[in-house]
Each structure stands twice: as C-alpha cells, then as structure tokens.
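Pasting the structures here.
Okay, so chain A shows up in both of these, paired with chain B first and chain C after.
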Partner chain A sequence: MQAAIWLIILPLLTAFFIGISKVFYSYKLLFPLVTGSAILYLYLLISVIDHSYPPKVYSVGDWGLLGINIMVDPFSGLLLLMIALLFLPVIVFSLKYITFHTHNYFILTYIMTAGIAGMVLTADLFNLYVFLEVSSLSSCALVALKKTNKAIEGTFKYLVMSTLGSFFILLATILTYDLTGTLNMAEISVAFQDIPFQIKSILMAFFIFGYAIKIGLIPLHAWLPDSYEESPIPYNVLSSGLVMKSAVYALIRVLYILFGFDFLDETGMLQIGVVWGVVTFLIAHLLAFQQSNVIRLLAYSSIAQIAYITIGLFVGTERGLIGGNFHILNHAIMKGTLFFVIAIFHYSLTAVDIKDLKGLGFRFPLLSFTFVVASLAIVGLPPFNGFISKWLIVEAALDAGFIYAAFSILVGTFLSLTYYLKVIVTLYTKTDKTIEMKEPGLALKLPTIFLGSLCIVFGIAPSLPLSLIDKIPTFLLDHEEYISILLGG
Partner chain B sequence: MITPGLFYLIGALLLLLPIREKMTYILAILMTTAALMMTFYLVPGDRVQLEFLNYTLTPVKVDRISKLTGLIFTFGGLGSVIYCFRICSRANLRLIFIFIGSALTVAFSGDLFTLYVFWELMTISSSFLIIMASDGTKKTGYYYFLIQVAGGLSALWGVFLQYAATGDLALKTIEAGIPFFMIAVAIKLAFVGFHTWLPLAYGKAPFYVAVVLSIYTTKVGVYVMSRLLPGIDILAYAGLFSALFGIGMALLQTQVRRFLSYSIIIQVGYMIIGISMGTVAGITGAMFHLVNHILYKTVLFMAVGVVVYTTGKDDFENLGIMGRKLPVTSIATLVAFLGIAGVPFFNGYMSKAIIKDAVNEPLLTWGLNLMSFGTCLLFLKFIYYAFLKKSTISLDKQPALSMQVGMGLLTVMMLVIGIHPVWLESVTNMDVAIHYFDKKHLVSGIQPFLWSIAIFILIKKYVVKNYEAPLPYDLYRQIAKQVVTTGYQLSNYHDGKLTKYLLWTTSTLIILLALLLF
Partner chain C sequence: MELPFVVVTILFCLGIYTIITQKNLIKIVLGFTIVESSLILIFVLVSYQPGGTAPILDKAYHLVVDPIPQALALTSIVIGGSVTAVMLALVIKIQKRYRTLNVDKLRKLKG
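Now for the complex of A and B:
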C-alpha cells in the first residue's frame, strides 16, 4: 500500500518542480513534466483502486494509531476512479487551452489534486480538514487566475463563503478533539458512544453546515455560479467534478463513520437531507432556466445534480448509496464533457452566452453531438448513464418511503430538459453570421470525446463501474466494519 | 434471435460511414427489407432474456399481437423509407432509422424497462428529427420534445409504482399507477386535452417527417395501451369523445396536414374503443384497425407530401393538382379514401366491422356510426378539393420516382387486404370468426358512406367553406409561462450582494440547529 501515500506526494512534488522549472527553464520543461507526472499518477491511481477491496490501512511512518493513517476502501476507490478519469484529460486539455499564467495554473491544479486525494485517503479528522483547506484555497486561487474584475469578485465571494464553511468544520473538529481526545476516525467513533445526544447533534449540525456550503446546497449555493463564471473552464471540470464531490465524500464519511447510521436515523437527519435535496434541485432547475450564460447555467445544473446525489446518499438504504455514488461518478463525467465542449467553443470563438452558440451545431458536428449526448445524459434520458443512476436513486427513494422525493426527481428531470433543450436548439439554429474562429486541435477534442463516450458506455454497460460501487455500502451503513479494519490496522 | 428493430439501429450506425449516395439507397432498402423478413419469420412464443442491473429483462418477446404490429411497422418502414430517402438529408435518414428501430423494439419488448428506454429513444429521435429538419420547426420541436418527455416520465413513474407494488417488471396488465400510464398513453394517443402537440408537429414539420411520425408515434401508443390498459370501460367513452372532438376540429382546418392530424385522432378513437372492450375480438379488431390505419393514413400523408413537394404548399386549394397532373398519387389517394371511409372491399372496412361487432353497448355503437359518418364527410371534402373543384395550381416539379414507389407499395397492400381480409388473419394466426361479406356487415359498412354523400351534397357549402381556424387555447403554455415567471422572480433574489449570501447562510445554520436540537 505504499502507492497510496504517493497519491498525495506525487502531485505536491510535481507542483514544486513546475515552480522550479519556471525559474530555470521557462516553458521548455513544462510539457514533459506535466504530462509525465499525470501519466505516472494515472498508473498509481489504477494500482490503488485495484486494491481498494478489501479495505487496506497504511500507517505513515509506522506510528500506528498515533500517526497519520491512510485508508483505502471502495468509497475512496470511487473518488480515486473519478480523479483517474478526469485528471489526465483535463491536463491534456489545459496544456492547449491555458495560455495565461500557465505555470501558476498547473501548480495550483496539482496542489488542488493533492488536496482532493488527501481528503479521500485520510482516516484522520484533522488531516481531512487540512486537505480540505488545501484543495479549497488552491481552488480559490484558480478562480482568480484571469484577474479580471469579475474573476476577482467571484473569488472574493468564494473565499468568504468557503472560509465560513471551513471555520465551522474546524470548530466541529476542535470540539470533537476536546470531547474525545483523539482525531482518528475509528477512535472518535468509539468514543462518541458516550457523548450526550444533544452535544453530538450540535457537532453534527456544524459539520453539515460547513460541508453544505462547500457542496452548494440552496441557499448556501450563491457563491458557486458567481465564481464559475469567469474562471478558466478546464478548472470548472475539476471543480464540479472533484472539488464539490470531495466535499460530498467528506460529509458522508464524517456522518456515516463518525456518527453512524443509527444516529442519523434517530436525529431525523436523513429526512432533513432528502427534503433539502428536493428543495435544492427544484429551485436550481428553475434558476438555471433563467440564465443566459452557459457557464452559469451549468453551475446551477451542478447544484441540482448534487442535490440528486444528496437524496441518494441520505435515503439511507443500500440501493440509495449505490445510486447516489453512481451519480457522483456520472455527474463528474457528464458535467466534465459539457464544460469541455463549452471550453472549446470559448477557445474557438469566445462564446459563452447561449445566443452566441447559434449555428455551432453545423460547424462542430461531432462536438455538438457530444454536447447533446452529455446533456441528455444529465437530464436523465435513456440510454445514457445519468438515466441509470437516477433510476437507482428513484427506486431507492421509493423503497425507503420517500415517495414525494422520488416523484420530484422525475419533475426535476422534466425541468432540466427545458433549459438543456434551449441550448441544444440554439446550437442547431442556422445563422448567416460568419465568425472568425480558431480551429480546435486534437488535444482539445480528444479529452472531450473520451468523456462523452463514457456517457454512452456507462449507460449501456453500467456493470463496469457498479462492480466497484456495489461494495461501497458495506463499509458505510455499518461503520463497525470500517472501524474494526482501521483499528486493526 | 434478435429484435427486428436492431436492423434499423445497425442501419443508422452504418449510415455514419462515408458512402456514396447510391450505396445509401441500397443500404436503406437492404436493412428495411431484412427487418421485414425477420419479422415475418418470427415465431410467437420466442423470447430473449438478459440480466441487467438487478433485473431480468426480456428485450424480445414475440406473440401474435406484437408480430402483427411488427409486420405493419416494418412494412410501413419499408414504404416510408423508400418514400423519403431521396428527399431527406443523411442525418435525418439516420434519425428516421433510429426512430423506426426504437418503435419496433417497443413493439417486441417484453418488460417495462426495455419499453420505457425505447419509448424515450423514440421521443428523442423524433424530436431531433423535427428540430433539425428546418429553421421554422425549432419551437415546434421544443414543444414536442417537452410534452413527449412529460408523457414518458409519467409512464416511468407508473413503472416505478408498478414495480414497487408487484416487484415485477413484466409487460402485462397494469395493477398499480394506472392513472400515470393513462396520462402517458393519452399524450402519445393525442386524447382531447393532450392532443396539442399532434397538429402542431405534423402541420409544421417537413412532409416526409410527418409521414414517418404518423406511422409510429400514435400507433406505438395504441400498442402499449393494448398491452397495459386493456378493458377499461371509461376509456372507451373518452375515446369516443376524443374522436368527435377530432371531427369538429378537422372540419375547421385549412391546412391539409393539420386536417389529417385531427383525422388521426378520430381513427385512434376506433382503436381505443376496441381495446377498451377488453375482449379478444375487440383488441384484435383494434390491432387490425391499426394495420389498416397505418396503411391509408400513411398513403394520405404521402400524397399530401407529393402535393407539398410539387406545389410548395399544403392548402386545400393545392390538392387540385392531384386530379390532373399526378396519376399515381390520385389512384393511391382514392384507394386510401375508400379505405378510411370503410367502404366494403377496401381495407378500413374489415377492421371497422370487427370493432362494431365487438361493441355491444348501444351508445358506443351509435358513436362508431357517427364517427364513420364524420370521417366520410371529412374526406369527401378532401376528395372534392382534389378531384372535383376547378383549380389553377400549376406543377413546380415532378415528384421523385422513389416517392411514388413507396406510396405504391402501401397502396397495393391496401388493395390486397381490402379484397381478401382473411389473409391478414391467416398471416398472424388470429381468427376472429367473422363473415366479412355477408349482408349485415355490408349494409352497416356502406350506410355511413352513402349517408355522408347525401349530406355532403346537401350542406356542401358549409363543409367546403374555408373557416377561420380558431386560435387554440393551450393550457400547457399558460402553465409554462407561470413557471418561468416564478423562476424569474426567484432569480431576482440573487443579485450578487455578499451580505445577502451571508444572511441566507446564517438563517440556514439557525434552521439546521433548530431542526436537529428540537
């Protein structure tokens, strides 16, 4: 399990060396360094994911429970899989796309990835917080990369809101340490059995509040569209695909492992989560329809999709967890594809408003087709991947008795079609205007088409990712299992 | 064994290849013929099972009803593909192939999951067919897509309820969630109140799209209804009401394709009544009527398509070109007219006779007679404009040969079924034990036709008058406007002020704490 620790170290090292190479070699070393490291990283990721079942613990420096522990279980395996699917395409795409502050962009991207990998792997509450801060701060810096007024404004809002969230997470972490005297998740979970119900509820509220800001559940979502609007678009792929998802991961990890499923059930948190999800996606869909900027539209759509995930994860059954986790993966793929296509349009003719997209369907037939596939998938129409995960979520919600939630998801599907179809129809409307444009190269098209094709592949053969996802609930629903492995390690 | 729909889906993929125009035609004919042959040799009772997620699906299940439906779907597919491959672009031909393939797969699906997936695939492909077809159809396509997806989602919710109640996805008469399946089927069948998309889409879309859509969209609804919701009495009256409404609306139309769209609503009424009887005879009659209706309605749409193609418009006045310059089209139209009017020895007669025999409620029987009468009256108007009225329209260009071949194929089939109706029974092994050409049936078949001729002559000036088509009131648009306005008001709250964000955040924290502590 040595490889697991390298998942955090390698991107950090790469970021460091990119900085050095900037000083000594300018642009010469950037390309081999970035791609080489990304490919190596992909190899490491695959080897770690391969060993994610049964879960394994790696204790850094052999300090046992005192030191830093890293644990890989199927849930973290899923997040690693998402990094594996998204990271290399984003890097390849960015090498061509990013023409301003290139070094800064790659340094920050690598640090952000290191943070995300750390969050996913760690089994320690304080490390979780540290890595969360690493990823959100570098993410803030990436939003500001363009240094336009709008970008700075968006960054400021993001920073304020994100810090507010982090503050509450840190507060809850400190209180937990104060109460239990340990930061190891397994030990906390054991010690929590003696803590009074009320105090635990408050702690949980702080955790949820903090993470909900990062996730962007309505009405804590306001920073999200503002910060997406002017940030470099390949970053948005990582942001909606990984940064938001890692916050979801951390929240679920904390809730299910620290507090345990029974406690969630007792406090009624499951109901609150489902209702919150329903409210969020209904409003987000309505708001998305109002947007004239495609990136803002996609941002609102991200909020809505995260709400579906929340419902799946809070339904509290095995099927729900499977559906929710599958949707985490699918959303990363679908939203990644959509952002990539929009990025290419932005690259070729700086189009980000819906009306600017007129007629592009005939100019970029393949890319537009990819866009159509991804948007139909995200709407949840068969035979694409989003349909399968939504089907699982609805079925689980219905099984668990959340009939209104299950029905609302179908309403949400309809609402999301209204605005995606608006974009699609604009794409395929002919226009007489001739606009100058840059031809997008293969480096831009390949990652896009790769992710787009995954939408179809995972829709027709969902068993590929589900073979991993099916194992997730075992270690979440019953936290004893997780704890015993962690303590035993 | 595979589903014949697969030929079409593979055909759609093969059309991606950069092949020459001639090859496209050969490929199209090959694929459609192969699907037809495949369907012909399917044996009722065959099935294919497949493990998917946690379910055991039955993507292919053949019985007599699905074989009959499949046969007419593939035959209609052959005719319509030949009709339109010269005049539509390759991208549209691909969409047509996907559309027909999905419709066929629906007809042979043995479980609700497969049914839903391909039902939605039909929606997607047909919507894109409308959206991509021309610049004037974007809004129509948008509307069509949304309303069809609303129907699809309603069916999906029904599937979930059915699955939750019975733990089974098999395709059989529905036990739970019937209202939702009803809405889904009603939208596909264009019941009154759910019909808004039909005249809009068929009237606006290019004529060849209308030809293809008219074969499958509503008919798949009929097939699914016969599977899931047979024998619900109330639907029979709803169907009757829907048909009478269709007659009224059709009379007011000035555009021929909209006129034909409303006439679809009338004809679907027959099938609904047949299916709602719930008896074997009723359902068989409905399915035979589906076959016949596909034949004559497609030919009528094709004939109008030829008129549009040659004169550029589809006003009633333009039909005049038919009687003088387009001999093949004229013959096809006449045969289709006699078929739809239910005149003995033409194809519509047989299925109407079966349905009339199956119905034993006096009100419905009268309703059926009234519907036959109304249909005849309506189409006399059509015939009047096409052959009797003097017209000065001139021909812009000759119709393509392929169009006439496609139309001819279906016309020949109509004649065969009309003269020898028992043949249709023997092909599918469905025996309804009825003497088509005895006195009773002949009289009841010819009566509405003769009456309508008499009435037509009497009140001709009212029937052939060009009415101001009333502006349709569309409830759905009103609702949509309300929703969009709500969204607009909501979006105004988000004005970009950070203080506001923090206010929302703090209130959320307070609410969350309150919820968890008390």
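Now for the complex of A and C:
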C-alpha cells in the first residue's frame, strides 16, 4: 500500500516543482511537468483503486496506531475513481484554456488535489481538518485568479463562509480529542460508546453545521453561485466534482464511522437530513430557474444535485447508500461535461449568458449534442446515468418510508427539466446574427467528449461503477468492520 | 478549571458575533482572528495539567502535559495565519477597487 501515500505527496511535489520551473525556465517545462505528473498520478490512482477491496491500512513511518494512518476502503476508492476520471481531462483542458497566471493556476490545482486526496485517504480526525483547509484555501485562491471585481467579491464571501465552517469543525475536533484522548477514527468510535447522549449530540451538531456550509445546503449556500460566477471554468469542474464531494465524503465518514448508524437513527438525524435535502433541492431548482447566467444556473443545479446525494446517503438503507454514492460519481461526470461545454463557448466567443448561446447548436453540432446529453442525464431521463442513480435514490426513499422525499424528487425532476430545456431551446434557435469565434482545438473538445460519452456508457452499463459501489454500504452501515480493520492493521 | 473555559466560550461567541454583525471588512477579519485564538486557547487548555512539565521521556519527569494538542495548536496557528493573510489580501484588493470597506456597498453579485 505504499502507493497510497504517494497520492498525497505527488501533487504536492509537482506544485513545488512547477513553482521552481517558473523561476528558472519560464514556460518551457510547464507542459511536460504538468502532463507527466497527471499521467503518473492516474497510474497511481488506478493501482490504489484496484486494491481498495478488501480495505487496507497503511501506517506512515510504521508507528502503528500512534502515527498517521491512511486507509483505503471502497468508499474512498469511489472518490479516488472520481479524481482519476476528472483530473487528467481537466489538466489537458486547462493547458489550452488558461492563458493568464498559468503557473499559479496549476500550482493551486495540484495543491487542491493533494488536499482532496488527503481528505479521502486519511483515518485521522485532525488530518481530515488540515487537508480540508488545504483544499478549501487553495480553492479560494483559484476563484480569485481572474482578479475581476466579481471574482474578488465572490472569493471573499467564499472564504468567510468556508472559514466559519472550518472553525466549527475544528471546535468539534478539539472537543472530541478532549473527551476521548485520541484522534484515530476507530479509537474515537470505540471510546464514543461511553460518552453521554447529549454531549455526543452537541458534537454531531457542530460537525454537521461545519460540513453543511462546505457542502452548500440551503440556507448556507449563498457563497456557492457567487464563487462560481467569475472563476476559471475548468476549476468549476473540479470544484463541483471534487471539492464539494470531498466535503460530503468527510461528513458521511464522520457521521457513519465516528457516531455510528444506530446513534444517527436514535437522534433522528436521518429524518432531519432527508427533510433538509428535500427543502434544499426544491429551493435550489426554483432559484436556478431565475438565472440568466449559465454558470450561475449550473451552480444552483449543483446545490440541488448535492441535495439528492444527501437524501440518498441519509435514507439509511443499503440501497440508499448505493444510490447516493452512484449519484456522487454521476454528478461529477455530468456537471463536468456541462461546465466543459460552457467553457468552450466562453473560450470561442465569451458567451456566458443564456441569450448569448442562441444558434450555437448549429455552429457546434457535436459539442451541443454533448451538452444536451449531459443536461438530460442530470435531469434524470433514461437511458443516461443520472436516471439510474436517481431511480435508486427514489426506490430507497420509498422502501424506507420517506414517501414525501420520493414524491419531491419527481417534482424536482420536472423543475430541473424546465430550466435545462430553456438552455437547450436557446441553443437550437436559429439566428441571423453572424458569429465571430475562435475555433476550439482538439485539446478542448477531447476531454468534453470523453466525459460526455461516459454519461452514456454508465447509463447503458451501470454495472461497471456499481461493482465498486456495491461494496461501500457494508463498511458504512456497520462501523464495527471498519474499526476492526483499522485497529487490527 | 472552570473559569478558563468560560473565558474561552465568551471569546468564541464574541468572535462569531463580530463576524455576523459588523459591516467593516477589517472588523470581520478581526472577528475571525478572535475565534481562531479562542480555539487555540482551547487546545492549550485541553492539554494543561497543574504542575506538569515538558513531555520528556525520562524517569525524573512523571507529571507531564499532553504534547499532542500543543502540536495541533501549532498546526492550527499556521492554518489560521494563512487564512487571515488571504483574507487581508482580498480586503486590500476590495479597498483598491471599490474605495470602501463597507460590506453593504459591495453589491456586484446578486440572486
């Protein structure tokens, strides 16, 4: 399991060397360094994902339980799979797309990826906080990269909200250490069985408040559309695909492993989570409908999709966890495709408003078709991947007795269809205006079409990712298994 | 042992109150540093033992303070410092562009 630690070290090293190469070689070394490291990273990721079942523990420096432990189980394997699918396309895309502050962009992207990989792999509560801060600080800096007025204002909002969230997470971490005397997740989980119910509930409230800000559940969502609007668009792919998802991952890891499923059931947190998710996506769909800027529309759609994931993960049955986790993967792919297409439109003719997209469907037939595929997938129409994960979530909600949630998801599907149709209809409206544009190269088209085709492939053959996802619920619903592996390793 | 925790709680709430109510950007950043210091103080308090000495592995020192929270406190000081630095950098940018530090006057982003 030596490869697992390199998942964190390699991006950090690359970021460091990009900084050095800027000083000595300017732009000469950027391309080989960035692509070489991304390809090596892909290889490492695949080799770690391949060994994610049965779960393995790697103790850094052989200190055992005293030291820093890294654990790879199917749930972290899924997040690593998402990094593997998104990271190389984003890097290829950005090499062509980013023309300003190129070095800074790649340094920050690599540091952000290191933070996300760290969050996904670690089995230590304080390291989780540190990596969370690494990823969210570098992501804040990426939002501000364009240095326009809107970008800076959005970054300040983002930074304020995300730091507020981290404070509550840090507070909960300290109090957990005070109560249990350890930071290892398995040991905390064992020690938590003797802690009184009320104290545990307060700790859980702190954790949930902190992570809910990072995830962007309504009413804590205000920073998200603002921070997306003026940031470099390839970053948005990583942000909605990985940064938000890693916060979801951390929340679920903390809730299911530290507190355990029984405690969640006892406190009624599962019901609260489902209701919160329903409220969030209904409001987010209504807000998305009013937007005239496509990026803001996609940002609100992201909030709504995260709410579906929350519902799936909080339903508390095996099927719900599978559906929620599949939707995590699907949303990353679908939203990545949508953002890529918008990025190409922005690159060719600086179009970000819906009215600017008029008639582009005839100028870019293949890209527009990809956009249509991804948006129908995100709405949840068969035969695309979004349909299957949404269907699993609806089914799980019905099985667990959350009839209102299942019904609202269907209502939400129609709401989201309305605003995506608005964009699609504009795309295919004939216009007399002659359009001046730069021709997008293959480096921009290829990642887009790759992710778009994954929407169809995962829709037709869902068993490909589901073979990994099927193993997740065993380690979440029953935390004894996770604990025994971590303590025994 | 009770009084320090009360002080820390007051500091924490004061910081959060500052962040929520103040309109001036610099004061908001100050609120963040207050909350952060209160959290670092909690770290120190958690590890404190009356009469404890530095954690040196030796027979002569049997009453030692817990070293882990102090190491964690150092880490969170570093993180807090960088967060404050990024925030202040943004405040400088905002001041240069808008010629104001009032939150209510920054209204480019809506909806």
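What we mean here is this: the second predicted complex is superposed on the first by the 489 of 489 C-alpha atoms of A that agree within 3 Å, B and C clash if a C-alpha of one lies under 4 Å from a C-alpha of the other, contacts with A are read in each partner's own complex, and residues count from 1 in each chain.
Heads up, the rule we're going with is that contacts are C-beta pairs under 8 Å (C-beta built on N, C-alpha and C of every residue); 3 or more make two chains touch, one makes a residue touch a chain.
Fair warning: this is a prediction, and the values are worked out from it, not measured in the lab.
Undergrad: Please determine whether it is chain B or chain C that touches the greater number of chain A residues.
TA: Touching more residues of chain A than the other partner does is B.
Undergrad: Output check: A:Val394 vs chain B and chain C. Expected answer is one of first, second, both, neither. What do you get?
TA: After superposing on A, A:Val394 lies in contact with chain B but is clear of chain C.
Undergrad: Regarding the shared-chain residue A:Val160, is it in contact with chain B (first), chain C (second), both, or neither?
TA: Touch partners of A:Val160: chain B and chain C.
Undergrad: Scan A:Leu421 for contacts with chain B and chain C and give back first, second, both or neither.
TA: So A:Leu421 only meets chain B here.
Undergrad: For A:Gly268, is the partner it touches chain B (first), chain C (second), both, or none of the two (neither)?
TA: first
Undergrad: Is A:Ile152 in contact with chain B, with chain C, with both, or with neither (first, second, both, neither)?
TA: After superposing on A, A:Ile152 lies in contact with chain C but is clear of chain B.
Undergrad: Between chain B (first) and chain C (second), which, if any, makes contact with A:Ile174: first, second, both or neither?
TA: In the superposition, A:Ile174 touches chain C alone.
Undergrad: With both complexes overlaid on chain A, does A:Asp226 touch chain B (first), chain C (second), both or neither?
TA: So A:Asp226 meets both chain B and chain C here.
Undergrad: By the touch definition at the top of the document, which applies to A:Ser21: first (chain B), second (chain C), both, or neither?
TA: The answer is neither, since A:Ser21 touches no partner chain.
Undergrad: Which holds for A:Ser59: it touches chain B only (first), chain C only (second), both, or neither?
TA: It touches nothing on chain B or chain C.
Undergrad: From the superposed pair, tell me which chain A residues show up as contacts to chain B and also as contacts to chain C.
TA: Comparing the two interfaces on chain A, one with chain B and one with chain C, the shared residues are 153, 156-157, 160, 164, 225-226, 287, 290-291.
Undergrad: Could you list, by residue number, the parts of chain A that touch chain B in their complex?
TA: Per the touch definition, chain A meets chain B at residues 153, 156-157, 160-161, 164, 168, 198, 201-202, 204-205, 208-209, 212-213, 219-220, 222-223, 225-226, 267-269, 272, 283, 286-287, 289-291, 372, 376, 381-383, 387-388, 392, 394-395, 398-399, 406-407, 410-411, 413-414, 417-418, 421-422, 424-425, 428-430, 462-463, 466.
Undergrad: For chain B, which residues are in contact with chain A within the complex?
TA: Touch list, chain B to chain A: 53, 116-117, 120-121, 124, 128, 131-132, 135, 138, 141-142, 145-146, 149-150, 153, 156-157, 160-161, 163-164, 483-484, 486-488, 490-491, 494, 496, 498, 500-502, 504-505, 507-509, 512-513, 515-517.
Undergrad: Please output the residues of chain A touching chain C within their complex, sorted ascending.
TA: Touch residues, chain A against chain C: 126, 130, 133, 137, 140-141, 144, 147, 149-150, 152-157, 159-160, 163-164, 167, 170-171, 174-175, 177-178, 183, 225-226, 229, 287, 290-291, 296.
Undergrad: Could you pull out which chain C residues touch chain A in their complex?
TA: Chain C residues touching chain A: 12, 16, 19, 25, 28, 32, 35-36, 39, 42-43, 46, 68-69, 72, 75-76, 79, 82-83, 86-87, 90-91, 93-94, 97-98, 106, 108-109, 111.
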